[in-house]
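Across the two complexes that follow, chain A remains constant while its partner is chain B and subsequently chain C.
Now for the complex of A and B:
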């Protein structure tokens, strides 16, 4: 039985710089396992340990995802083995192309109990990939997953829903996108770093990549990114009330007490 | 220098991730409280940072020296105290057992030290024996199958919590003074062994640095490390490696101060623009980063020589001499860039400035490093 975790080797937006004209420059940003995918690996590792299953990483992307540094960085986070689809054509792949490449790779692997993914990628954040992979494979897809258990022929999944949690029993295999706080990520231990070089990495060929469209132009947002809300602080009490009602309207604040 | 291996780069990433999450948030408070961050010890152990240089067969992480040095640098970037806690435990207490211990001593102590079950310390300095280490007056007298220790040590890093001490004591008054010294492994709970109050210091204020008192402390003859008379040799070999560790601590302190200065230079506005737009500030930042990189290369060179089994004592002395002074220079400039804010406890560069100075003093002062280098040049 295999637990597969899809992860993205992505440039860290914290290290990107924004020029005065609003252009974001990723050229000096270091790449790493995308933040929320590290949560997915942690959840998968725990599941693998509980059920004695192998935890296999899967990543697709440009040639940089197959470098020793990239593969060892992922393996040191607790994976047993890795499958990599690295192709220059995947460098700029969008959500559809990425999902297609992941689905093709997964179709060739047997005995998969579940595919676990992060909530979204740290650099794009579209939250599309798990859904498209599930659609292509005909597997159920659940998002906001906070806990998983494997039962014979089924998965018991807990997910966060508005105001609480729900538990579901579904037939596997399935695609589960874990919530951003589903597990606490710990830095890889020194032994894990050294062990990474000894773990198997399988390189898989890439199929022609589905194009998601090419970028024509970007435009800068003017004013606050959300809905153009501006609150004057001339009257602090009125400003506070206005802020609260704006947060309430956005669903950030919930419950009684107007 | 060869580029870092994937593993060395991943050690840096991992320790930085850990230090940002677990070490940096405590650094200012423990400094104010003069309190060692003992709550971090189990986390350091879990990550494998307390036994990096110890082979896996003894429960260590089994990394190379350079990886260990990078880890010290990254810890110091967040907190100089946490860095020296790990450094003294590893370089000064664990290493001599690894290098000079019998099979029995290694089996007994290394697993406990490597996993952080017990922390170690190194006790050489005395009120009358600082730079002149050969003047150690603490005595160890053989009585049957035991040695009896009497005397006093001062400034012992980790003394407040360590359970295993490498103690340098005099076993002979014959011949050259340094030839009469021997090294012992002493357990904290031995009757007659007491630990005094920690010193209140200028920097690394959270690090425990108390005196130790030995009053008829009876230890088994099997606690002798190496042979009688090897104590000075063991202490000097131990400090050779330790110096690379302190150089790394200095690099980390300076790097943290540089990063804080860059952030401040971008954000502090005077005369209608960020101060980083002023060439005066830009030049300071450029000099700081150049100084740090030079120190880092000297430090990595010493660690690399140790890893390849070549003599590295002189390289370690150069690294420590340069990096100690470099860290003092760089943290001074960091305060200058921060202006009045830099002089307050509200900004981390104030602590970095105080922490940097010790790297010019312990594990051999600047003057001692110059003596080592010059002796080798004029050989």
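Now for the complex of A and C:
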């Protein structure tokens, strides 16, 4: 029995810059296992330990996802083995393209009990890839999953819903996107890092995937023009009074006009 | 033909109006109760496909039914909302159609087989316009319930569903925060030195009758506030009448989440903080002095 975790090797968007023409530049951003995917790996590891199952990581993306730095970073979080689909064509893959690459890789793996993913990627945040993967495989998909257990032939899942939680029973394998707080992530220790270097990494070829249309233009985000009024703070009480009276005049305080 | 996906709620007015602007008729596929299907039928769509009462099946179990309907309809554009089940069903349609899927859609037009989509990228820090010749799946904020308009026929179709069932439901008393609906929001950032100091921000929020929000580090690194309260990237995007940024430096991602606010107030000790340039009212100074002063000023009659 295998538990597969799909994760993304993603650049930190906090370090991205946006040029005047709206081009997003990630060249100076450091990459890592996307934050919530570390939660997914932790959940999968617990599940694997409970059921004596192998925990296999799967990632798809540009050539950088197959570097030793990237694979060790993922393996040191508790994976037993790794499958990697690295191809320049996948660098700019969107949700559907990424999902296609993941589904193709999964089709070659036997005895998968469950595919676990994070809530969303740190750089794109679409929360769509698990849904498309499930659609392509014909597997059930649930998101906001807070707990999962494996029973013979079934998964018992708890998920957060608006105003509470739900327990569900799923027959057969499923795609489960875990909630951001489904597990507490620990930083890998030196032992984990050393062990990671010895774990197997399987590289798989990439098939063509659907493109996100044809790019026509990019632009910076524009919002309402700001007034840029500086309020002197030499006297905090006077500054506060000036601000409150300005906001009242703007009608944005309680009882202000809609 | 364009398709809108409805999952459990008729609050999809934006989907209906977006679809109405496109070339071709609008088909709504409805997963959920008959009442939802009937409400959708009077929202201005041309036809409704309904898969029957879900019973103990979660809405996500209807993914193959939605996929089948999408395949049969051969839509140019598929629209779905942002709620969890809506995302799963939109993803199922995208998978069936091998269609690209985009989020944060700001504008979509279609003409003679070509669809142009303008959407936010990387958490809304920039926008991109793309052209599609084949089908495309788009995530759009559902919005409220559309006004009553027309009466489309409802076709009840027996659905193939996935083997999943809800076995128990627990209701918790925790009140969910809906930052998107709040008219006023106060956001706290790393300018706060300690968790206890949140109390002065909470006092300001109370005086403003505002919801409390934060930047990502406060929710995810420090765990000072729940994750549903952070703004930006995968966090929430809001458009309140007033947003007060306290001790928030103003990373692109956070600003993308609040940029649509009508009025922005920024309080920061660093005169170079990017948030100050994005503010209507900028106060450079110590938040520990300024925030209590503002709270006091608000409490004066």
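Here is the rule we go by: the second predicted complex is superposed on the first by the 206 of 258 C-alpha atoms of A that agree within 3 Å, B and C clash if a C-alpha of one lies under 4 Å from a C-alpha of the other, contacts with A are read in each partner's own complex, and residues count from 1 in each chain.
In this text, a contact is a pair of C-beta atoms (placed from the backbone, for glycine too) under 8 Å apart; a residue touches a chain by one contact, two chains touch by 3 or more.
No experiment lies behind these values; they were computed from the predicted model shown.
Trainee: Taking the superposition as given, does A:32 touch the first partner, chain B, the second, chain C, both, or neither?
Mentor: It touches chain B, and chain C stays clear.
Trainee: Where does A:149 make contact in the superposed view: on chain B (first), on chain C (second), on both, or on neither?
Mentor: neither
Trainee: A:214 in the overlay: touching chain B, chain C, both, or neither? Say first, second, both or neither.
Mentor: Only chain C is touched by A:214; chain B is not.
Trainee: Is A:13 in contact with chain B, with chain C, with both, or with neither (first, second, both, neither)?
Mentor: second
Trainee: Of chain B and chain C, which one touches more residues of chain A?
Mentor: After superposition, C is the partner touching more of chain A.
Trainee: Does the superposition put A:187 against chain B (first), chain C (second), both, or neither?
Mentor: The answer is first: A:187 touches chain B but not chain C.
Trainee: So in the superposed three-chain picture, is A:73 touching just chain B, just chain C, both, or none of them (first/second/both/neither)?
Mentor: In the superposition, A:73 contacts chain B only.
Trainee: So in the superposed three-chain picture, is A:197 touching just chain B, just chain C, both, or none of them (first/second/both/neither)?
Mentor: So A:197 only meets chain B here.
Trainee: Could you say whether A:135 touches chain B, chain C, both of them, or neither, answering first, second, both or neither?
Mentor: In the superposed model, A:135 contacts chain C only, not chain B.
Trainee: In the superposed view, which residues of chain A touch chain B and also chain C?
Mentor: Comparing the two interfaces on chain A, one with chain B and one with chain C, no residues are shared.
Trainee: Show which residues of chain C lie in contact with chain A when the two form their complex.
Mentor: Answer in residue numbers: 58, 60-61, 63-64, 67, 84, 87-96, 98-103, 116-117, 120-133, 136-137, 139, 162-172, 176, 184, 208-209, 220, 227, 233-234, 241-242, 251-253, 256, 259-260, 262-265, 277-286, 289-290, 293-294, 296-298.
Trainee: Where on chain A is chain C touching in the complex?
Mentor: By the definition above, chain A touches chain C via 13-14, 16-18, 22-24, 35-36, 94-97, 99-100, 119-136, 138-144, 161-172, 174, 180-181, 210-221, 223-224, 226-231, 233, 236-237, 239-241, 243-244, 246-247, 250, 252-254, 256.
Trainee: Show which residues of chain A lie in contact with chain B when the two form their complex.
Mentor: Residues 32, 68-69, 72-73, 76, 186-191, 193-194, 196-197 of chain A touch chain B in their complex.
Trainee: Using the touch definition from the top, list the residues of chain B that touch chain A in their complex.
Mentor: Residue positions touching the partner: 6-7, 9-11, 13-15, 17-18, 21, 46-49, 52, 56, 61-63, 67, 71.
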